[in-house]
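Note that chain A is present in both complexes that follow, paired respectively with chain B and with chain C.
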Partner chain A sequence: MDQLFDVSLFASALRMLAPILLAALGGAICARVGLFNVGLEGLMLVGAFAAIAGNYWTGSVAAGVLLAMICSVLFSLLLGYMSIHLKANVIVVGIALNFLALGLTTFALRAIFNVKGAYYDKNMKGLPKWDIPLIKDIPWLGDLLSGHSILIYISILIVIGLQFYLFKTVSGFRLLAAGENPTAARSLGIKVSRIQYGAVLMSGVLCGLAGAQLSLGNVTMFTEGMTDGRGFIALVATMLGQSNPLGVAAASLLFGFMESLSIRLQGFALPTHFTMMVPYVVTLIAMFFFKDKGYLQEARKSNESSR
Partner chain B sequence: MLLEMDAITKSYGSVAANKGVSFKLRKGEVHALVGENGAGKTTLMRILYGMETPDSGMIKLNGRPVSMNSPMDAIRNGIGMVHQHFMLFSSFTVAENIVIGREPEKGVLFDRKAAAAETVKLSEQYGMPVDPWKKVGECPLGVQQRIEILKVLYQGAEVIILDEPTGVLTPLEVKELLLAIRQLADQGKSFILISHKLNEVLEVADVITVLRDGEVTGTVKASESNEEQLSRMMVGRNLVQQARAGIQIGKPVLELAGIGLKGGKAKALLDNITFSVREGEIVGIAGISGNGQSELLQVISGLCAPDSGSVKLQGKEVAGSPVHAIRSAGMAHIPEDRYQWGVSKDATVAENGLMGHTKRHQRLGILERKDIRAMVGEWVSRFGIKTGSLATKAQHLSGGNLQKLIVARELAQETPFLIAAEPTRGVDVGAMEMIHGELLRRRQEGGAILLVSSELSEVLKLSDRILVMLEGKMVGELSAEAATEEKISLLMAGGKAVV
Partner chain C sequence: MFSLKNIAQSMLQPLLAIIAGLAVGAIAILIVGGSVGETYMEMWKGAFGSFYFLTNTLARATPIILIGLGVALAFRAGFFNMGSEGQLVLGALAAAVTVIYLPGPGWLRMIAGLLAGITAGGIWSAFAGWLDARFRLNLLIVTLLLNYIATLFTGYMAAYPLKDKTGSAAMAQTVMLDKAAWLPKLFQGMTLHAGFILAVAGTLLLYLFMKHTVKGYEISMLGGNPLFAGYGGVQRGKLMIASMFASGGFAGLAGAVEVLGTQYRFLDGALTSPGYAWSGIMATLLAGSNPLGTALAALLLAALQTGGMGMERNTDVPLEVSSIIQAALILFVSAKLTLSFIKRKKARSKNGSAV
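Our next item is the complex of A and B:
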């Protein structure tokens, strides 16, 4: 048991947390304006690829991250335009975007890097690690909290910022209103479409960061379909966390931990394909326990017309 | 003159919704706007509230012409509207719902304490008590109505439009609302009240304008008018007074014994319900909506199986049987929510009429179109259903006409037992008269009818016996002779029956 649960397991859980958390926050903000963003996976994949490409072209990690955000935002704009402006079914658009992203990144991998399957450059620098002064010297805690990629710390700041924005500011209040009852919000002169676009673009930024953490943080490479279902796990974290930033963070932590656990279990001579099921089994169990708790369901129920 | 709408005309395609309608409102006046469905009341108010632009005509405020291009313009000009379907955010607090759009700010922050203080101030000023920190979803509909009015007042409205404000309220809540309207009018606010309910209009309004087919048929003082005169102006003819003739009551058709339904919640949805409906009898169920009436109907009609008890139809046990089996055992059902259960909006009038009649109009599994058209066509002419053709989609019919189609379809089943749930909800007086007449005729022919209605006057008018439901229990039974509106209201609200 000591071998299974040690500091490095928890530290790796934190590493696994960041991409899921960032994407899940993007999903949460979309859910709050009434759009169920199934395209998180695709947005993240585009971000992951753009981060590597940006880094490859400029040799700068910051430029890579920036490009990741820009590309994901452009991609999310497509989702917004289709579902808000043209009123297409957001789930169908999201699924289409996921496949588009998979094809596009695979194609671009061959067109730009001229490789199949994966691109790896051992000289490429990843995201900087941050050793927190003082804390890094505390024996157990230091190993756990310190020395992670900078995006992990940023993602935690985003959780706090988003929680504050949604529940303390006027603008956040109107965003919640637009999601809960768009008709009523519109009748009060709240610009619902504009708010929805804002939320979708924000989710693009967050998914771009999530992708960058995936390709430049955990490893320094891009492989075809490297998001590997994390976007969907993030979607579940969004639902499980009731689209509350703090709740989403807690749910993401659970999934991050399960993912690192599944990797660790491989060291115990369990078949890889078996351990890879662990996060998904936990997802199913989690959904089972929280099946009636969706706040969106509540809202929908009480908004049903009386006719 | 505070507000004048002058010669307003508005057409949708070839249909004129408003034809040269003029309307005047004085300060401190309660002005009711009545008319049948589709008479153009709502269109006129949507024009005033900036949701529609008129084809021609002019709106003047204090003698000065104004143009209303959006609800924001209307709000800026001091016109507020309380919609028929509340525009509230149920997971937000009362204060949040009232200040939304004009939130008190502290920098970028939403000052919720100030919002609550504003709310309390407003509610004291106008004598409409609310709890600012309560979630709107947890407030009863009467309080939600109050919140809507406070919201409009917070926005600075001088003219308040109320669209069918009493449709969802209990009798007691209606009384409170009418009182509040009167008080606000005495404080100088002006009201435009859209309503079907002539008794309420006569009680609260100063002036009544009647619309028919998009034209004003008259403007009268409430003190000099009465229900008969108004209905005549609305419908364009005299309404026939219907009375229940005495009839021999026969053997029981539907018998319920000890019905219980849990439904996941701690509190039972239905608790030990026992009653019967006999031949030649209309049994009315009164109650504030949401006290188990819907669940009871679902159990009887087979949409949901009870946890305990028995349902006997024509002596045959049908509890938990599929809908199809119950219907063939002798049940027809006019459902309470016509859009959810009654029709398919995208199907045509003929197809909607065919539902439940497919067995009779087929040969070897192929539908006999000619028979079907003849059958539905006969209903359309007999019930006076206003539809373009039998191929018109149901969604293009007005609520009242759709309801007539459903009533015709279910009556044509000619079953010994009929459920009539909210048979005239949102239906104008003409259609209401027609539907009531058909139900009474079915009773005369020896049919057994279970009537569920949140409209007390309807229950009182049609029923031979009245049962009152509260929180999933039957809390009282009254005979038609003994029942009065006061007695039923008291039972509905949980008071003890005084016998």
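Our next item is the complex of A and C:
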């Protein structure tokens, strides 16, 4: 047991946390304005690819992250245009975008880097690691909290910022109103579709960061379909966290821990299937307790009929 | 005359979407410096170029058709069943286990395997329907969650308790099924198996069921207007569980057919990595949940996939062009939904505000 639960397990849980958390926050904002964003997986994959491509072209990590955000935002714009402007079913568009992202990134891998499967350059620098000055000297805590990529600390700041924005500012309340009851919000002069666009684009930014953390933070390479269902885990974290930033952070922490535990168990050649199953089972059980949420009912109404 | 015009109109939108999808694919081909005409020619050849390739495409279409029919049935009833993947793998595993452990003659075990696949997929799907009908849990989310639970569970079963220890391959798979219980091949030396006949029969049966039976009408009514259906005496909960059972049954049958007709064992990932379930959902969306249209759309998607493989063998254009075309198709088709939406809105405002 000591071998299993050591400090590096918890530190790796923090590393696994960041991509899930960032994407899940994107999903949470969309859910708050009444859009069920199934396309998180695709947005994240585009971000992961663009981060590597930007880094490859410019040799700068910052440019890579920036390009990741830009590409994800462009992709999310497509989602917004189809679902808000053209009123296409947002779930259908999300599914199609996931496919498009998988196809496009693999295609671009061939077209730009001329490789199949994965691109790896040993000279490429990943996201810088940050050693927190005082904390890194504390014995156990230092190993746990210090020395992660900057995006991990940023993601925690975003959680706090978003919690404040949604529940303490006027424009945050308008965003909530647009999701809770669009008709009432419209009658008050709130531009609902503009807010929805804003939320979708914001989820694009966050998914771009999530992808960059995946391809430049955890490793420094791009592999075909490297998100590997993390976008869907993020979606599940959004649901478990009730689209509440702090709740989403707690859910993502649980899922990140389960992921790192699965990787650890794999090292001991133990079955990982059940640890990997935990996020889904927990969420399913949690759905019994939190089902009477206004905005979920709204989302349900708009999604129940598929035609 | 009137119905002919209707048919032409309903065909026009998917055709436009196909043309637009191919145009997007052409842009991708030009980017990698391929010749569009030549590439599409290779794609056509890879899908339909010879009898072998044609049967290959039909074999790939088989599970997609069956899954698509299941999803179409659920869509018709107004339920977004995204759980095909889980229902598919559970059906496949159930079929494999039945054939491995059941004594008796081969044909009996084959039929039992198919029935076990239908039952396993159906029960898993009906469970999601029951959670919605009884506890009002969102069906879409539940089916999505159940997918992962089912794939991980079958992955565990294939990797540990049921693992084939006789062979040298270190893969997560069950033992090879007894040859007597295999679904027969339709042609000597071709991949096409009797499952295709089941898929075609399923298509026709579902079409007739939806069109000519009371239950079929009740299902469409439930999907079209749940309140009216309730007023007319349709019990939402019961019908929901029943139609979800049938929907999952189709997906389970698809899994069973793949195990008994193509792989002859349950191999972890063999059904999930080609994305059969998502292709089935795409086929349904493409055809607007019409059973006959779904089968055609499934064939189209299968042809794009096998054609893409042919294209990759003979040109420098990567396989992924075909997944780009598929995704573009769906995007254009979902924009079609929009066009009809706008039309409806206009008609509404013309007749005064009816709603």
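One rule holds for everything that comes next: the second predicted complex is superposed on the first by the 271 of 307 C-alpha atoms of A that agree within 3 Å, B and C clash if a C-alpha of one lies under 4 Å from a C-alpha of the other, contacts with A are read in each partner's own complex, and residues count from 1 in each chain.
We take it that contacts are C-beta pairs under 8 Å (C-beta built on N, C-alpha and C of every residue); 3 or more make two chains touch, one makes a residue touch a chain.
Worth saying up front: this structure is predicted, and the values here are computed from it rather than measured.
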Winner by number of chain A residues touched, once chain B and chain C are compared: C
Contacts of A:N181 with chain B and chain C, given as first, second, both or neither: first
Partner chain(s) touched by A:V170 [first = chain B, second = chain C, both, neither]: first
A:F107 touches, of chain B and chain C: first, second, both or neither? second
Touched partner set for A:A118, first chain B, second chain C, both or neither: neither
First, second, both or neither for A:Y280, with chain B first and chain C second: second
Contacts of A:L270 with chain B and chain C, given as first, second, both or neither: neither
Touched partner set for A:M239, first chain B, second chain C, both or neither: second
Touching partner for A:I138 - first (chain B), second (chain C), both, neither: neither
Touching partner for A:I160 - first (chain B), second (chain C), both, neither: neither
Touching both chain C and chain B, counted on chain A across the two superposed complexes: 299, 303, 305-307
Chain C-touching residues of chain A, taken from the complex the two chains share: 36, 78, 82, 86-89, 91-93, 95-97, 99-100, 102-104, 106-107, 110-111, 116, 229, 232, 235-236, 239, 271, 273-274, 276-277, 280-281, 283-284, 287-288, 291, 296, 299-300, 303-307
Touching residues (chain side chain C, partner chain A) in the complex: 28, 31-32, 75, 78-80, 135-142, 144-146, 148-149, 152-153, 155-156, 159-160, 223, 278, 281-282, 285, 288-289, 318, 320-324, 326-328, 330-331, 334-335, 337-338, 341
Touch list for chain B against partner chain A, complex: 70-72, 75, 83, 85, 87-92, 96, 100-101, 103, 105, 108-110, 137, 167-168, 289, 337-339, 399, 425-426
Chain A residues within the chain B interface of the complex: 168-174, 176-177, 180-181, 183-185, 187-190, 295, 298-299, 302-303, 305-307
